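First the structure, which I've put down as structure tokens, then a few questions once you've had a look.
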Amino acid sequence: MTHLELDGVTKIFGDPNKDGVVAVNDLDIDVPDGDFLVLLGPSGCGKTTTLRMIGGLEEPSEGEVRFDDTVVNDVKARNRDIAMVFQDFALYPHMTVSENLGFGLRREDNGMDDDDIEARVTETAEMLEIESLLNNKPAQLSGGQKQRVALGRAIIREPRLFLFDEPLANLDAQLRKTMRTEIDELQSEVGITSAYVTHNQEEAMTIADKIAVLDAGELQQLGTPDQVFNEPANLFVAQFVGSPDMNLFDATLTETADAYGIEMDGASFDLPKRLVDAEITTDEVLVGFRPQDFYQTRRRALDGPEFDADVRVVEPVGTEAVVHGDSAPGDVTAKVGGFHDISSGERLSLTIAPEHVYLFDAETEELLKGRLVAEHADGQASPDEVEA
Amino acid sequence: MATDNTDPTAEFRRNQSWLYDSKAGGYVRKTAVGLLILIIAAFVLFPLYWMIVTALKSTAEIQQIPPTLFPEQFSLEGFRLVVESSLESSGYDGFVESTFGVEISSAINIDILGMIVNSLKVAIGAGVLAVVLGTGASYVLSRREFRGKTVLMSLLLASLMFPGTAIMVPEWELISTLGLFNTHLALILIYGAMTAPFVVWLMKGFFDDFPDSIVEASRIDQCTSFETFWYVIVPMARNSLIASFIFAFLLAWNELVFALTLLDNQNSTVPPGLLTFVQGFNTQWNVVAAASIIVSVPVLIGLAYIQRYFVQGLTGGAIKG
Amino acid sequence: MSYVDQAQSSYESATSRIPESLRVYLPILPVMALVGVFILYPIAQAIYSSFFRKSLLSPGEAEFVGAANYAEIWSNPDIHQVLWNTAIWVTVGSVAAIILGFLMGWLLHEKLPYTSVASAIVLIPWVLPRVVGASIWRFMFNGSQGVVNELLVSAGLIDDYIVMLGSTELSLWPPIVGMIWRLAPLFALLTLTSLQGIDEHLFEAARMDGATPWERFRYITIPMMRYNLAIGFLLMLIYNIRNFSMVWVMTKGGPGVSSSTLPVMIYRSAFIDFEVGFASALSVLLFVVLLVFSYYYIKFYDKMRGGL
Amino acid sequence: TGGNGSSGLDFWLFGGIPAEREYISSHYQEYDGDVSYQHQEWGQKYQIIASAAANQNLPDVMAGQCQQIPDYVGAQAIQPLDQDDYQDQLDELNSNFIQANIDTLMYEGLGDTSGERQWALPGGYADLGPFVDIRTDYLEQTSFDEPPRTWPELIQLGQEMQEIDGVSAAITAPGTDFGLTTGYFIGFVYANGGRYFDPETMEATVDQPGFVDAVRLYQDIAEAGLFPDSMAENNHIAAGRLLREGESGILITYSHANAIYQTTGAPQPWLDGEGHTVTRAPLPQNPSGNFEPQDLLMQNAQGFMMGNDTQDAFDFASWWNEPEQLAPWTYSADADVGIRGRVPTLQSAFEEPSDLFRSQFGDLITLYENDDLFNRTSRFPSFSGLASIQSIINTQVIQPVVLGEATAEEACANANSEVQSVVDEEIA
Amino acid sequence: MTHLELDGVTKIFGDPNKDGVVAVNDLDIDVPDGDFLVLLGPSGCGKTTTLRMIGGLEEPSEGEVRFDDTVVNDVKARNRDIAMVFQDFALYPHMTVSENLGFGLRREDNGMDDDDIEARVTETAEMLEIESLLNNKPAQLSGGQKQRVALGRAIIREPRLFLFDEPLANLDAQLRKTMRTEIDELQSEVGITSAYVTHNQEEAMTIADKIAVLDAGELQQLGTPDQVFNEPANLFVAQFVGSPDMNLFDATLTETADAYGIEMDGASFDLPKRLVDAEITTDEVLVGFRPQDFYQTRRRALDGPEFDADVRVVEPVGTEAVVHGDSAPGDVTAKVGGFHDISSGERLSLTIAPEHVYLFDAETEELLKGRLVAEHADGQASPDEVEA
């Protein structure tokens, strides 16, 4: 129900003129009504600070925070009608779980009487699977239990805006999924605009309408999960999003009529111009391959680069495995799905579809070409043949 | 590995300290702590012991040279006098005489029960006043910056240090102008004013350490400053509040000079009341000691009771969120 | 909808007409009013009186004398001794009470069972009316019949009774001892409070880091208590500076002025010499010193706090 | 409650020994009228009265030490009694009392008044000083068979007693900074023709021989090692205890010595005078002062003063001054309520002395009978600023001298200027 | 360098006779010298409590903790020579980052002088990428930065035992991986026995030598990552480990000479007896399929169950997707690796190899048959053809 905008928001801790820390720098973010924004970025990049400024806990050094076009810089936190999950929980140590949960509700003039509130608390506690702990004090809870209380304290309300600061970091996969689903449903049901910090990419990809990738306080990209994955604005985003890490190799680029010729150490290939939108002016580029995008050449010719890799390490992950190897262009990492029979010492011939290749300007690190998803349908080999 | 066969855990002596990990060190430590406790206990308790012993001696024995460390002859005369004078002054002497056939006549008509009640009234009133006003102010002084803060705090602090005797005369005049002479309210206000700055400082120390994140959580939970203060901070501040209250209470409980000159005998609090035992020709130390013991007991019981909450601490001590 | 309209509490609506910048003063107002009326106003009166020659017993006949009372302070033959005594009293008394009180608080927290009962007992010196406490000490220190002497003699520590209260050299010390006895519990309580406020996890972390109890004390306990210690230190100073009854009851400031402190001198001037003007001048001087001291102490405290 | 408000009379009593307090606190009810009684602390009387005056809360009648009358008048705390309305009753009332006692209540030119006025009714008892109290068991072991009568004899007796087993200091006296320390001492000064100041010239006379030589008496006693080391911390009670416990043989005091012993729990025979002799202190052989030597000083310790000038107040005060109410201070057998150590102020007590009176103050009665008692008796020094001067003498003269830190000359010379400035400020 | 054993260790909070909470119940764990144990389990299952008992911060209510066969129940925490990362960091708030890091080092008699310590602190800080924060106080750090300091405080030392309580929960994927590698290398280099709590399964699988799965204070299984994944001791472990969740269907079992016949709603198949080790006595069973193990029938016949699923939701996760669908046996979840072209509403025919089928006793929930890994080589279809 709220259209959230950050306009040129900057936060400097300490004295701006003298070793002040610029935690957030000139941030512009626009979150339409009911959208779910995920803030993503390395530790210390300013995610928490951004949330705190939205919440009114920190005053921006510069810029404006707007709710529905109203500048709220001067509105007190408690009048912003926001619910927030704090990264460090900030539970009230003197209150039981049930009191912690009910506390915010009681502050609202929502016409709820004690019974209503108690019912709501019980309901929330059940959802969070902490109903047996309602009478415990926070000091008697495990880490994950505390976090769930912190989460509950926010979602028990129906605020104008939800702010979640890594609300699931301390939960196991099962719970994490359940909780994520709950949050997702809750948010989309009631349509409450939300900003969500997580360092878990799967979570980000699943839950986000929009992802904002931050680095060192600056916005790198704001886009849908697909955009961020397939068309990262720059090298940083490309590297940060997606796991295992993207393979990156130096290459030189030469232009021909139809295509760009790309030459890496020990491999080269042509990139048809129709796959590239950008005007390419440089000849020093970085080529990126997602580990998931590799195919084995013995199975398919894709017109992409081909090179051999000597398997160094195989990391099994459940039914999948991540393979690290040495190749002519450099170290290479490939993810092999399904059941694999690769062991270290083996030599793999790898290839990749030109559509899946990322290209970055080596100097500016801006994206030149992203990963094309739609392409594979038009005449390319069906990519559901993923190989190990 | 273990060199000492008798102690299988000897190998965990890698990072050892003689004082904390050797048997000898343990004895030394225990002895030192024991001695410390003993010395401190002696220092704190001996005067109290002396008071109790004095209360149980006869007037003549108190005067003996050298003093007897233990009463040669127990005498409850002191207590008897206090109780009798109490009964007499509160008008029960006739009743006791007719019921128990005990004749009561006491030089000193001190209504000790009445004094205790008066003192409690004044001390609790002043304690509550100081804690309520002082805590609110200290919260703001701790968490907000504003013009004149340092000056305000300096004034509060300096007023705390100003000897009471130095302002006694203007204080009399003030109380008289306000028409509060011989009222407990006067003392509550004066003591409240004397102790509120004290509470401000004490609570400020607490608030200065108070975790911001809890306050922030409450702001997000839509608390007004007052609600944050009342529902979140005050309960967490319980220990410090109790300590502040005890301080303020005891200062008021103990104050002599204003109580002596602003109240008459009927309204008298404990210190001036006891003073009537401690004068020129009348200092019967056994009576004074007995009276002191009698008046202290209710306070001590109260203190032990409050301290229970105090000592229980806060869910395992941590104030951190 | 305006956010500011929402959830206005009665407190806020009642105060909303007051500009934001002034609203911060509201919670301070009651205290300032109380202190202002009952302490600061009389202090102002005292400042006013300090420019008059005025007898306590004939308050109507005040005579304006300008700074004469202040001039008199400097020519007073006792002032040096009294200031020196006050300095000793305040430093020695405070430091000793702090050390002892700290130990007591620490023992209560860590070593003694039944903490609530034990700490109530420890507070007795504070519960006893001051006159009584001081009288007990006077009694015990008496040079011809005191039990302190008797104990020392029977312990073989001294041969003859030592006259302390009645000796010019020693008379300052027994009241200091009495005062330490009375003040240490206060510091103990403060210590206990702040010890209980320390997050237990920090000690656990330190135990994991291999810290001995002493090291935990030195590196965790003490630093974590520093605000409370700073405030406790201040309170000890305050109580020692203010104290009057301990000296008065035990020695009346004598023999000579050998155990007189400033409050004793002020009392003497006002209630024995009846020189209200002079007493006021002394008080004002003390007040100014205290005010300056307070100001810098607060600065120091804030600086320390800024360090976190 | 104080003077205003209640319809009845407010009556405050300052100080007193337990027996007196007991008597007064029960006897005032015999008065036919609505009286509310409060006992007040003796040591804090200045504060209490000053604050009551400041708060317009004075009682109608207060009974207490009359040495402070000039101060009370200054504070506008009391009213003169010899006003037109009461004048005729006053003469009759006064006639029951010893004249010397009445004299202690008369002051000239106090406050706004002019001429000599009477400021209190005498009440039951007076204090005389200086006195010595001597243990008879020790006295018997010396060459003396009666109390010393001159200063050299005093020292001599002291020296002889000092030899007795168990005696740690033969002569004892209070030495704290408390009114009684100088109170006990000033009698020696007056006996030696000394004064604090010369009322004619308003010059301080502390450095004059009359004063200095009296101090030298204390100096001599101290130098002879006859005073206890702890003297400077002993008040009158502690000093009395040294005698009572046999550590000392001679106590320099007032006539109220037996009242002291009541406080220390001495047995009844001792309180009745058995085992010790309370008698007038020795006199100098050749008084060296310029003023008229006075053998004894007197003060009224229980004068009835009027805080409010009303007929009711006067009536109540005069009721108390009826011989009937004052009987316990005469030691008459049927009125004995246990009061000891008080010199009666009623003439009748001296005219037909009771046995008990005799056993307490045998000497005095002899003197009285020889018409010698009140001949060379004057009022204790009494003027505003007294407390301040007493404190100067205590802390700057007596204490240094008994501690051996100054000679009598030095101490007196030092103190004189300060006494002078008090005289200048408070009296002149 | 330490062989860690927990023997019958139990921890009860509160009064054992009166609503005491049994946080850990009769735990037996044996961690050989130099091994890396991961504690896995749902929130509140007793992981932290177990670590705290090993560390000596909590006294076991019953049982023994042994280091190298020595019972250490009575050895003080500080003498156990253990380094621990606390779940809630427990940084010393009054010390700078550098002082926090150096504190433990200074406590050891390790012959290090101030310079050595400083060098070590700097080195550790670099490893943790917090070298620029060395002079900050904890209050000035972001969540992830705090956690790294907490981690650094432990790994800066060379203790006898490492205890890690969710040391990476607040870090982003990149950092998490880097840190995990660092911990792994450090631990294997110096061979320090470690116990590690995480809720991140990938982390657990990658880093663990042994995994202990706890539930409600009780040990469910102690085994290698493979064992836990492929041969979960019971239904709980099977469900808890692996993501997305295992598909579970009720089935009845009938025995024939060579095989067990298994009949689910809408599908049935034979399970050759040679694949089953256990003596099966029940006929009520639960059948489990890992979402990763599904194949599409159009591509391969595997002799396993076959059924159709109507795709309800497709959750893309980077290059992969999780597909939720309705099928005759019940709701089904399948993970499709590589590039997929499935959209909701579509119908998929799914199958799975009998080797990969899990079988549980419906009543006791004990495992009857696990997932066989070696099998696929001997004549089965090569499973590197994983399909979506």
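In order of appearance the chains are A, B, C, D and E, and numbering begins at 1 in each one.
Here is the rule we use: a contact is a pair of C-beta atoms (placed from the backbone, for glycine too) under 8 Å apart; a residue touches a chain by one contact, two chains touch by 3 or more.
Since the model is a prediction, treat every value here as computed from it, not as a measurement.
*Asks:* Which other chains touch chain C while also touching chain D?
*Replies:* Touches both chain C and chain D: B.
*Asks:* Farthest from chain A in C-alpha centre terms, which chain would that be?
*Replies:* Of all chains, D has its centre farthest from that of chain A.
*Asks:* Skim through the chains and flag the pair connected by the most C-beta pairs in contact.
*Replies:* Top-ranked chain pair by contacting C-beta pairs: B-C.
*Asks:* Roughly how many whole angstrom separate the Cα centroids of chain A and chain B?
*Replies:* So the centroids are 58 Å from each other.
*Asks:* As a quick test, compute the distance in whole Å between the mean CA positions of chain A and chain D.
*Replies:* 96
*Asks:* Indicate the whole-number Å distance between the mean C-alpha point of chain B and the mean C-alpha point of chain D.
*Replies:* Comparing mean C-alpha positions, chain D is 40 Å from chain B.
*Asks:* When you check chain D against every other chain, which residues touch at least two of them?
*Replies:* Each of 47, 50, 54, 241-242, 245, 247 in chain D touches at least two other chains.
*Asks:* At least two other chains touched by the same residue of chain A: list those residues.
*Replies:* In chain A, residues 78-79, 81, 88, 107-108, 140 touch at least two other chains, as defined above.
*Asks:* For chain C, write out the residues touching at least two other chains, lowest number first.
*Replies:* 7, 56, 59, 144-145, 199, 201, 210, 212, 271
*Asks:* Going by the contact rule set out above, which residues of chain C touch chain D in the complex?
*Replies:* 53, 55-60, 142-145, 161, 163-168, 171, 251-257, 268, 271-275
*Asks:* Which positions of chain B touch chain C when the two form their complex?
*Replies:* 15, 17, 19-20, 33, 36-37, 40, 43-48, 50-51, 54, 63-67, 69, 129, 133-134, 136-137, 139-141, 144, 146, 150-171, 173-174, 189-190, 192-194, 196-198, 200-202, 204-206, 208-209, 222, 224-227, 239-240, 243, 246-247, 250, 253-254, 256, 270-271, 274-275, 278, 285, 288-289, 292, 295-296, 299-300, 303-304, 307-308, 310-311, 313-314, 316-320
*Asks:* Residues of chain C touching chain B in their complex?
*Replies:* Interface residues on chain C, with respect to chain B: 7, 9, 11-12, 21, 24-25, 27-28, 30-32, 34-35, 37-43, 45-46, 49, 56, 59, 100, 103-104, 107, 111-112, 115-117, 119-133, 135-137, 139-140, 144-147, 150-151, 153, 181, 184-186, 189-190, 192-194, 196-201, 210, 212-214, 227-228, 230-231, 234-235, 237-238, 241-242, 244-245, 262-263, 266-267, 270-271, 276, 279-280, 282-283, 286-287, 290-291, 293-295, 297-299, 302, 305.
*Asks:* Would you pull the chain D residues touching chain B in the complex into a rising list?
*Replies:* It is residues 1-2, 15-19, 21-22, 25-26, 38-39, 41-44, 47-48, 50-52, 54-57, 236-237, 241-242, 244-245, 247, 256, 259-260, 262-267 of chain D that touch chain B.
*Asks:* Which residues of chain B touch chain D in their complex?
*Replies:* The touching residues are 58-65, 105-109, 168-169, 172-173, 175-176, 181-182, 257, 260-262, 264-266, 272, 275-276, 279-284.
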